[in-house]
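By letter and in written order, the chains are A, B and C; residue numbering begins at 1 in each of them.
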Amino acid sequence: MLRTATLAVTFLAGIIVILAFFFDVGFLATAEARVQDWGVIVAAFALAMASINLVQVNIRRISSSDDATEKICAVVLLAALVVMSIIGLTQGPTSDTYNVLFDGIMAPGQSTVWALGVFYISSAAYRAFRVKNVDAGLLLFSSAFVMLGAVPIGEVIWSGIPAVSQWIVDVPNMAGMRGMLIGAGIGAFSGGLRLLLGIDRTEVG
Amino acid sequence: MIQGRQFTLLLFLVMSVIMLYAGNYVRKGKKTIKIRRLSAVEAIPEAIGRATEAGRPVHFSPGLAAITGLDAPQTFAGISLLRYIAKLTARYDVRLIVTIRQPAVLPLAQETIRQSYLEEGKFDALSQVDVMFLSNQQFAYAAAASGVIMREKPAASFLFGAFWAENLMLAEVGTQVDAYQISGTASIGQVPFFVTTTDYCLIGEELYAAAASLTADEVFLGAILGQDICKGIMVALLVVGVIVTAVGSDLFVRLLSL
Amino acid sequence: MLSKLGRIDSRVLYLILLIAFIVPLLCPLGLPMIISDEIKRTYDLIESLPEGSRVVVSFDLSPGGYDELAPACAAVFNHMAMKGLRLIGMSFWDAGPSLLDRSLAGSLYVDKEYGDDYVNLGFLAGGENAMAAAARDIRGAFPSDFHDNPTANMPIFEGVQSLKDVEMVIVVATGNPGVPEWIRQVGDPMGVPIATIVIAGLVADYAPYIQSKQLIGMIPGLRGAAGYESLIDMLGRGTAGLDAQSVAHLMILIFVLVGNIVYFAERSREKEESAKEGAA
């Protein structure tokens, strides 16, 4: 019964949005807006549920882990969750305290992790980018030109690098990207259609 | 009818009919579909076998996309592969760790694993499974997932779904703990990173086809056939469009703008 | 020696790269600027807008990507402020509004009037659905702004009902929802020109949209910031960081080259050894 209801709601919501995309009929636009509003509400509830899971996992870490560092990290995480939630709810996300914590801890923390990516790229480049065959050689050749063409030093090394780099991005890269985009788009369309019609029941478990 | 969407509607209807017809055609046994060998899919049991021998857990990430939007099919494909992997981990008594970024994916993953363990008759073993929501912030998730991989040292790490800039980080950390890594994504820009850093990689549509090939369901396989027919139509439209436009006619452009 | 090089600890590579970053920041190389057509087109479009035009800026980015995009945002915001354009800011990523406030505070908009010359509407949950709702009815989707001010009577929204009524959209993006969603919900159906400030890693992904003219312009990361700063003649962090980026790109290619030299040398040595063993 629950499964049938889930599939019915999936179909109804999907068909409303699809029809509203093609037909400008008053009640369809209203229905689509309501479906989108409900989507936002469900997303908010999902976030609340996920937060509960986060708390459960970290309490389990505190109580059962043998690693002191792991316990400390779990305590810090839970404390941060509680503090940010209280400040956000009581003082709002535009308050000075919230901004200090956001600008002082959260934003720099994420920037740091993002910036670590370049170091991982360097170790991957050293370890894994091997010219084992012609394809790998072509890949290396084109990536070298694109990397150097993206920065001024390329033009200093050879004035033709930016032009070659632009050609690689505009012609072979574009052709490959478009092909993959079309293929992935059709794949996504097929997946969506299967979900809409209840052929694929992944979302009901 | 909204102006400028008639051709899109026509294409939508034609593609829908083709996919449904193809699915039905295969289901009635009128055609046998064979999907070409996907090495990544064939390597999954091997990876889990290694984890069993080593006594180490298995890590899975269904990607960073939600269950709405253009990347949602990648998430669903990842969840389909999770179903298969969960069955294997249940069968071989291997601990499964699933790290989640999107809150809405959490109950989906939990229910999928529960169903898989039930089907394998290993309901009690569910206590060994850790499904954890880490963060809905991209790099907070990346840092937390990296931490999970470094601490738990999985013997196998599966990364199936939509990924962005953090995929290299996850794959590199997996390499550092000597994990056997199998990945799959239709996020075009991230494919090169997975190809170079993981042992096997499903590229683009292979991710969707993998999910279908594992179920061996005729309707899924028929959908793959339908997709290939639709791709043929797209190629035909491209060729005709290039020729028509090259001879100086704007008929094709006007047709697509209908 | 070669085998040691092949097994080198990753931390040595990290240290070399770190030094390669720091040196140009302390001693700028003064390399020449590249201004691509996509950057120029964005500049030209903003330059062509009459004073008082409304431009929507969508901050769809994570805090991690903000530092790469902040210099470009500063340059574009300064250009818009100098032209007297009115900025309607919004976000479909939860961290976006705080980051937008930070960017606005560091731009010439700080001297302008909030609610009339610029506004930060805040975050709307729901991804592409939320975008569609905002595209249809901005004030309906955002009844109050990020600072809890009601939007109903804000002067900046006079004559603006939907996004059809704005002159341009600038999407500052590090992922999804982002540029493709904006093109689908606003660019194609409503015909509003869209430009983007985007991280370097997404340039290849969005290049097809530039070619099909669904995106008017693209300002990629630090390189785009440096180019835009030179166009508006206000050099800043983009220009300062570009030398470091140049050297970093070169270092990574050197790592690849050295890695391949080691690989081929070891392969050749293994072949020689197996040939000797065969002969023996």
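The rule is simple: a residue touches a chain if its C-beta (ideal position, glycine included) is under 8 Å from a C-beta of that chain, and two chains touch if they have at least 3 such contacts.
What you see is a predicted model, and the numbers here were worked out from it, not measured in a lab.
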item	value
Chain contact graph, described as a line, ring, star, complete graph or other shape	complete
Chain closest to the middle, measuring from C-alpha centroids that were averaged per chain	A
CA centroid of subunit B to CA centroid of subunit C, Å	28
Subunit A-subunit B separation of Cα centroids, rounded to whole Å	14
Touching two or more other chains - residues of subunit C	62-65, 95, 127, 129, 204-205
Set of subunit B residues in contact with two or more other chains	2, 66, 68, 70, 136-139, 165, 188
Multi-chain contact residues (two or more partners), subunit A	39, 43, 106, 109-110, 113-114, 121, 123, 127, 129, 177, 181
Contacting residues of subunit A [partner subunit C, same complex]	29, 32-33, 35-37, 39-40, 43-44, 92-94, 99, 102-103, 106-107, 109-111, 113-115, 118-119, 121-123, 125-127, 129-131, 140, 144, 147-148, 150-156, 162, 166, 169-170, 173-174, 177-178, 181
Contacting residues of subunit C [partner subunit A, same complex]	8, 10, 13-14, 17, 31-34, 36, 62-68, 95, 97-99, 101-102, 124-127, 129-130, 132-133, 136, 146-148, 200, 203-205, 207-208, 211, 220, 223, 242-243, 245-253, 255-256, 258-260, 263-264
Subunit C residues touching subunit B - in the complex, by the definition given at the top	62-65, 94-95, 127-129, 174-177, 180-181, 189, 199, 201-202, 204-205
Complex interface listing, subunit B residues touching subunit C	2, 4, 65-66, 68-71, 136-139, 162, 164-165, 188-189
Sites on subunit B touched by subunit A in the complex	1-2, 5, 8-9, 12, 15-16, 19-20, 23, 66-68, 70, 72-74, 76-77, 79-80, 83, 100, 102-104, 106-108, 111-112, 114-115, 130-140, 142-143, 147, 151, 165-166, 168-169, 171-172, 175, 186, 188, 192-193, 196-197, 203-205, 207-208, 219-220, 223-224, 226-227, 230-231, 234
